[in-house]
């Protein structure tokens, strides 16, 4: 079917568009020039410097941990919220939906400063916890709205039938709704992780002295010029991600083959 | 009972020892070489925890809401030292704890933003002036900021995305102070800039050398260190740094101690360490800007020590006006900046 | 439904509590600040004033808002045009490993956006990869000016926001029942009709979600636009940042932020009302 092959070609083209800058990024991690974006020669020096750059590596590690935890919490909370909004008519339902949209519009700076004021007012020390709380908050609407969109248009009779058969809410959630919305939950998690790992403005205001995260380190380099060391770090993180994805794919493939 | 007391004493001393054995430094990334930080820890046993910010303004906002606590050493630019000082957010320096203070060049001390250097110690400094792509423009033909208005450069001009620098340049052309709060003068500067606006290619928000090296622009405002490093790496003079007749705009970054810093003793030791000549030399060489430390400057290789790009001829800086804090008058500049940006 | 189970209470309670603490309270603070007067030393003076809102009636602010809106709308439209067929093909193209494809879409965005933007710059600059390649082939004699143009900004923003369109659309598309499409075709409908009358209405919730999650963040983005566009004009994000950080006028910044939120809320409300009238699927 030519239609199918047109579709596949299109997917490949879009992926090419998405990966071209990534390829450039990786190639330039071997660029000998520190001060310009011209190619002046091949070198592994940046990878060597990266290995010795404890601060950068620690910041990267912190970012990963915060992103993993925040994305997971946001997805759990978001899925429950989407389910509540979709299924229950409760007072304040409109406000909840409104609140989620307000979150998506909120400029980063305003969110960051208002959170900082809040945390300082209640005397909460800045650092890992405040970061996670902040990140979960701005990831929440992305997870919720994605799952909610999938819930719409689902046959309400399925749920009614389950209820007639005596199923209680947790069971309906676990056995019927959750499996149905799984792709949306995954999509929500991926979006949340993406948002969290690269957030600059909100994180700047709510992180504490001594808990540094990668995006802040990188954005702060802008004044003096971003070193290719950072490209090297991104290239390594990409390699790690791809390896993990490959391993996961091989493992699940073997299981289904068996 | 006695055991409990002993335990309590032990724990509190342990806690304070912990606190005393580390300092939090707040600065730009890459603005302090790792090697210097490691040496400090090796010499004093105090760990350095380094956090970063991307602009003076953001750092100020955060420090203010936090009540000037959490960080031990911060490195603001001069006009922010002024702001932090006038708002009583800084801890006065104990000069007795800073024996190396005398290594500093007196020409950079006792400036308007911190008379007597009660609160700040100069760290690195530089100037902003005109940068030119040698391959396209003859540097000898450029003598004034006004040359940027030459129609031959249309669409190939870079300015920095910094309203003080851009308006500073225009105010200098008009012969006014770059710290004026007189609306008529600021408007005059704005009118001049409005003529230039269509010819500007970019208000650069990152390293000013990039638009030049990317061959997008041929002339514009640039910082001294950018030119020096670009030329050093290329091994030849790709960019020229021109001091216009109105004079360059110097800037100075200083180390300060916030009022509620958790480890003031450690902060003082750190600042004194940075003031050592060999450390000053290391910092200047790694970061690429001028050191305010006379002794450090003497340790630098001849080619750098007397390089006019990094160390401008003495007369130029003596009476040059440093950018100063404007207080509420900043709103005036912001108003005209918005007009400039939204103009076509 | 008169179900009063603990699960329901938990689900509703959790989200309400979280939003109250982390959305309602901070936004009330911002709202309060927007009615205060500017104070040099304390950042805010608790003096009631409407000044900050009155300053909106100013052609400069109007121009800034208009530009942000236009940019966000164009970006969203492009994301939809590029992203929807992509999501459609992944969902229904008979791929063996759909989840892998989704991962491939999102993985590039786990690198720093600044580094990615510099990579775009390396491609677009006057002595960059694209210009050098075209020059070497002989297609051009002088470099194409791609940096510091509106086109570069749109490309950069679309690039950054594409996954935020693709993923929600995909999540909704994935459940599309192929049999419905087959049935329509069996009844004689041509491919265009099948698309407009069946596919689009059924995938509308996903599209609406994707549009929301692309358009709303796009309004506030300015950093990438500045690097690729040359920062010659202001976007709402620049304005708010300048007000908070450069001018240190927190009340004004709060008011601008509130105004942005209110305008968006009004637009969403209008959309919601009209969508309800048309179809339940299109509702937010």
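Lettered A, B and C in written order, each chain numbered from 1.
Just so we're on the same page, a contact is a pair of C-beta atoms (placed from the backbone, for glycine too) under 8 Å apart; a residue touches a chain by one contact, two chains touch by 3 or more.
Source: prediction; values computed, not measured.
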{"item": "Connectivity without subunit B (remaining chains kept where they are)", "value": "one piece"}
{"item": "Maximum centroid distance from subunit A, chain identifier (CA atoms)", "value": "B"}
{"item": "Between A-C and A-B, the pair with more C-beta contacts", "value": "A-C"}
{"item": "Centre distance in Å when subunit A and subunit B are each reduced to the mean of their C-alpha atoms", "value": "35"}
{"item": "Whole-Å gap between the CA centroids of subunit A and subunit C", "value": "15"}
{"item": "Shared interface positions of subunit C, touching two or more other chains", "value": "121, 125, 127-128, 244-245"}
{"item": "For subunit A, residues that touch 2 or more chains besides their own", "value": "37-38, 113, 117, 200, 218-219, 222, 226"}
{"item": "Sequence positions of subunit B contacting 2 or more other chains", "value": "58, 61, 205-206, 210, 214"}
{"item": "Partner subunit A, residues of subunit C touching it in the complex", "value": "1, 3, 5, 7-8, 10-12, 14-16, 18-19, 22-27, 29-30, 82, 85-86, 88-90, 92-95, 97, 99-116, 118-123, 125, 127-129, 159, 162-164, 167-168, 170-172, 174-175, 202, 205-206, 208-209, 212-213, 216-217, 219-220, 223, 236-237, 240-241, 244-245, 250, 253-254, 257, 260-261, 264-265, 268, 280-281, 284"}
{"item": "Touching residues (chain side subunit B, partner subunit C) in the complex", "value": "55, 57-58, 60-61, 64, 87, 155, 161, 163, 197, 200-206, 210, 214-216, 327-328, 330-331, 334, 337-339, 341-342"}
{"item": "Complex contact set, residues of subunit B against subunit A", "value": "24, 26, 28-31, 34, 49-54, 58, 61-62, 65-67, 70-71, 205-207, 209-210, 213-214, 229-230, 233-234, 287"}
{"item": "Subunit B-facing residues of subunit C, complex", "value": "38, 40-41, 43, 60, 63-64, 121, 125-128, 143, 145, 147-148, 226-227, 230-234, 238-239, 242-249"}
{"item": "In the complex, subunit A residues that touch subunit B", "value": "33-38, 40, 52-53, 55, 113, 116-117, 120, 126, 200, 204-205, 207-210, 212, 216-227"}
